[in-house]
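Notes follow once the structure below has been shown.
Think of it as A, B, C, D and E in the order they're written, each chain with its own count starting at 1.
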């Protein structure tokens, strides 16, 4: 018989115990420990992203219409939380914070509720805050003349390019903070500087690319803009590597043609080596940080990232076709047969059922990448094929079940 | 005086019975780690009992699946008074990520009165110790109320 | 002649035992018991035999120290023993019949519900 | 019959039973040993461990718990078995001399070591019957294992006792000494038995027997809480359970003090002379020497507990029941046999 | 001519009362009350007659010699048929009378649903009379006759419930091997007669020393084997198991408590009277060897049994092994202990068989794997059974322990005295066997009385009072003989042991010579054990603890009072599952033990094949070995 621990047992008898003595001696959680959630209601813009991504349905809200505006109370039920921090990651405004406080003991359910209340002011009915902002906003549209160069602002807030703007009001509708006021008839575009959080949603939403965000190229009014310029530069890249794509060292290579700059890869990257700017449509790899794990490749909804060396020919033609053909080619198809029962598309993207659709725009609002454009007045429902990542949020949110997914 | 002695002792010698109601094993492992030399809950008198008849505190982990519901309730029933029910992790409190699944019978509090919730997924051993200490206090209160 | 008797008695006893041990038929087992019994009876009678003795039938007046007769006690014993042997045979045959009714066999190797 | 002297004697014996070597002593020292064991095991595992008084807390807590009698159980047996087991243990403790102190100093001895061997079965049987009375299948398995453990331990224990009896008998030249007080007297006169060559294997075997007899780890297959839900005690709750736990603690005391009486009986017997040497006489000296002897006994019991129960617990993992049986009938029995053979040939 | 009421007549009366009862029951047995009264009267009468002899024979050491027809010694030869009652005979006769009495009381209710009850009582009383005749007889040939009578009655009674499983088979096997044994006795008797021309026991004892030759040694071997079959020693133990299992419980009591004793009695008479002058050591070796082997083999066989009564039967032989071992030690302490144990064995084994019978009576089965939880339905039987089980397992303070303790002491003292390591081994075997016995009775308690109650036995009731009364008698005796070992030694086993060690007195008494009683000191044990004091202490301690416990509200328990629908709280803990009937089968209970011994157990199982030829072969081999041993060693 073998007793390997005899020595150990005797020696530990005379050593200090390895015990933490927890309740007597308080102990701190490790750095980056995800404990109790702290919610900053003042930062929240009620974009609902957190609620959407929460796997445990731990985040709920109640809203109440008050004369002041919509009183929103957002509640985090820690008893249902998996502490995955996805909500924090998705929160563009840092309203959700995970602390290192692990002490979540409750005898009542309420003790495990973290909630915060804030007032969401209606965008139109607020003359007061709009007033001080008006001069600024008006000052800008007044200034530009033919030939002037409109530069993006430094403070991260949007700038309108009046020459391109068609006053479609989409930007105003999309604005999560309700900071934009667009009057189609009067052809005015007003930014409430105080409300604006600089999220860039408006610029993305703009179908005419009439809003400039920091990092955008300045636009010369009157001169023909060259928005396709970056694309043109990106295109030759795949051509340069004819036989195979991808890098030998297993690090990711972007396919600019397919990439929609949804930033998912950057968020998922465990090493934080990717930097993707949606607005600027840039995709940057920090070579030093990258660990070549391939996570970006697997999460990319567009298969726009290749890790390691792969055969190109099979994918090359597709990559070349897509920008030109598929979107227009498929759209008519759906419209061709209105009578026939609609079938969900097989590429994972949503399809509108015009017979049911009431053009309420909810889907467009819920779309996390802003790929949908719905005009209530015009009764149009447009899908930006390139932006769409096929997540299905639109279908889930549609009150009429008018979206097939 | 004797009653006082018993009451004091009740607070110092809580024995645990652990029920896994469909847990992913995360909480189970953390509960065991509470008894390891690092945390050593035995310092506070905690001890894992093998049967509910010996237990004072029932620790439930897991989202209480349909299959386990009846067994969990029977087992809790068999624990002698005063007893204290502790849910460990988010699952028994709400169902957590399994919430709404056809296989989940729902939060434990729908069926029995839960004394202490230890939130976390999974809770840190320190949090478990906290929760158990809390449960011990409740246990002592319950003992005081007896007879 | 006496020696012959002893050998015969010994042979009969051994034959009886041999039958009991090796024969797997219940009736043969009973026969073996009987043979063994006969062997012992023969032994008893032989022990009591005095060569040249008369039959031990006397009245008290006839009995004197010089009278020479075979030992009467073994003969009495033999009678008892024969009676007992007959009883054993009867009883065991009755049991054999009952066993055959119940078990449907006479083979001792199959009459072994009780074992282990 | 009801004279004053009789009353005095009766009170004295009542005191013996209830207080000193009896119930109270067993209760306090037994639970103390249990607490020290738990603490020591924890320390050997680099833990802080429970407070030394933890077994007291456990016991009092269990007293305050609800006692549930399962519907399938036989109530009388269920409730009575723990009490009988404890009483039997307390009575055994009366027969084990504390060095020079003996309960039955002026009376013929009640039980010798062979009797004690079988008296030790009563607590085990009471646990088994109590467990079996609940009707739990876990108790069924536990009962089987408990019985096999008893079987396993019995053979080496028998050999140890026989070799002790033989050694003492050899030395005194009158064949056999089965009487425990006789064994202790011999040691008081001739030094502890552990000093003899033939007794060393026996003492080792006895050391290994103690955890098996008390059912401590790693020989606790019968009460394996992780596999068979504490086995025999599966259905016990409340005060009866507390009494079983107490019995277990008292058993530790009984066996360690039996070891002291068998092998270390010479250690504390000189105290009387020591007390006399510093010039004390009379009742006070007697009381002092008694107290000193008890202290020495308790100290020795603690040391033995640490060595045999705690240390073995800390360095081993639980044995399966057939391994346990094999272990006792080979290794430990072997040791005891060596001792017996040595004793037989007069070493 | 003596007065017909004088005590010299009592032994023959005691026997005749039983045979007369048997005869009368044949005549008047149709009436239920008549036959019960007759049977009870005969056994009570027999018992009373024997008890009245106790003071004279046991205390005064008188030896009663009774010549049939007053044909005493004539011309130096014992021609008449004699009854010779010394302390040993009376000791066994008392055992037998008590066992028969209790068994008879038990039978009245136990057998009431059977057919052919008059025949049962007739055979019962014949069996009793036969055994009593055997132990009181002073004549070797009469012993043979009585052996045949009791074998006959026992075989018939074994097959009495001939519809029961294996009853006929058991009876047949018993008859075959028993007949071989009887034939051996007859052959041995006649071979002794050929040497010394007498059948009177006392005279044989006196004459054999002068005629110790090959022929008498063969006779010794034959007689030894013959009586061994009656005592069911190894290798005849399978017969006992079969016969006990099949016979009605009241008969099992007689077979185990009475028949086996007759065998032991025969062996004692043989070894210590007839061949007292033979070199003792080889015979001691033989007795102790056979005894130890019986003790150990049968206890291990019992552990493997699945049937209550078969298990008891094997234990019966195991205990007989104790008796034989102790008797074989040839010391006063050993013989006294052996006889004491023989008495205790009759009592506790009787109690256990009666308890088994009670279980069979109520449930219709003795299969350990099917029974369980009867303690809730049959509480009295359970308590009585536990007393018996504690006795046989040697748990203090019951009688089994008292005698076993003496046996250990005797064996170890003998070992130390002779320096023979074999006796040491015997001591160890005896000590371990006791624990193994405990193991198998724990198994029975768990499988029959505790554990869970199967659905099919939900409506089982307690047995009728008559049966419980019979069991209580035995239980009281168990406790009394356990608590008063000194008294028993003084009154019963001590004088009997003295009688065994002084065969001269027996021989002299047959010739009408009174020899003075040697006031040899009663055997002293090396250790100390006073059960009364212990019980007193235990009682006080238990009382005190109970008092404290009750003050602490120990009796405040939650119980399922309604008993109707089971709330989960009072259900058994099955890891949360709904309770189902599940119990570890009786035969498989001690897995941890059996696993280590699996080769031994499978070997033994194969050996006990159940084929009558094999058992006969064992008998022949045993006979051959005995003859060879005695011829070579002596």
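By definition in this document, a residue touches a chain if its C-beta (ideal position, glycine included) is under 8 Å from a C-beta of that chain, and two chains touch if they have at least 3 such contacts.
As the structure is a prediction and not an experimental result, all values here were calculated from the model.
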Could you tell me which chains make contact with chain A and chain E both?
B, D
Could you say which chain's mean Cα position falls nearest to the mean Cα position of the entire protein shown?
D
Please state which pair of chains has more C-beta contact pairs than any other pair.
D-E
Averaged over CA atoms, how far is the centre of chain A from the centre of chain B? Could you give it in whole Å?
41
Whole-Å distance, C-alpha centre of chain D to that of chain E, is 35
Distance between chain A and chain D based on Cα centroids, please, to the nearest Å.
73
Chain B to chain E, mean C-alpha position gap in Å, rounds to 58
Counting only residues that touch at least 2 other chains, which ones in chain C make the list?
none
Contacts with 2+ other chains: residues of chain A:
17-19, 21
In chain D, residues with contacts to at least two other chains:
42, 45-48, 63, 66-68, 138, 229, 234-235, 238
For each chain, which other chains does it touch, given as pairs?
A-B, A-D, B-D, B-E, C-E, D-E
In the complex, chain D touches chain B at residues 38, 42, 45-51, 54, 56-61, 63-68, 138, 224-226, 228-230, 233-238, 241
Considering only the defined contacts, which chain C positions touch chain E in the complex?
13, 17, 20-24, 26, 29, 33, 36-37, 40, 43-44, 47, 71, 73-74, 77, 80-81, 84, 87-88, 91-92, 95-96, 98-99, 102-103, 108-109, 111-116
Within the complex, chain E is touched by chain B residues 2, 19, 51-53, 68, 70-75, 77-78, 80
Give the list of chain E residues in touch with chain B in this complex.
552, 558, 567-569, 571, 573, 575-578
In their shared complex, chain D is touched by residues of chain E numbered 372-373, 375-376, 379, 382, 386, 390, 393-396, 401, 405, 408-409, 412-413, 416-417, 421, 424, 427-428, 431-432, 434-436, 438-439, 442-443, 445-446, 450-453, 526-530, 533-534, 537-538, 540-542, 544-546, 549, 552-560, 563, 566, 569-575, 579, 582-584, 589-593, 595-596
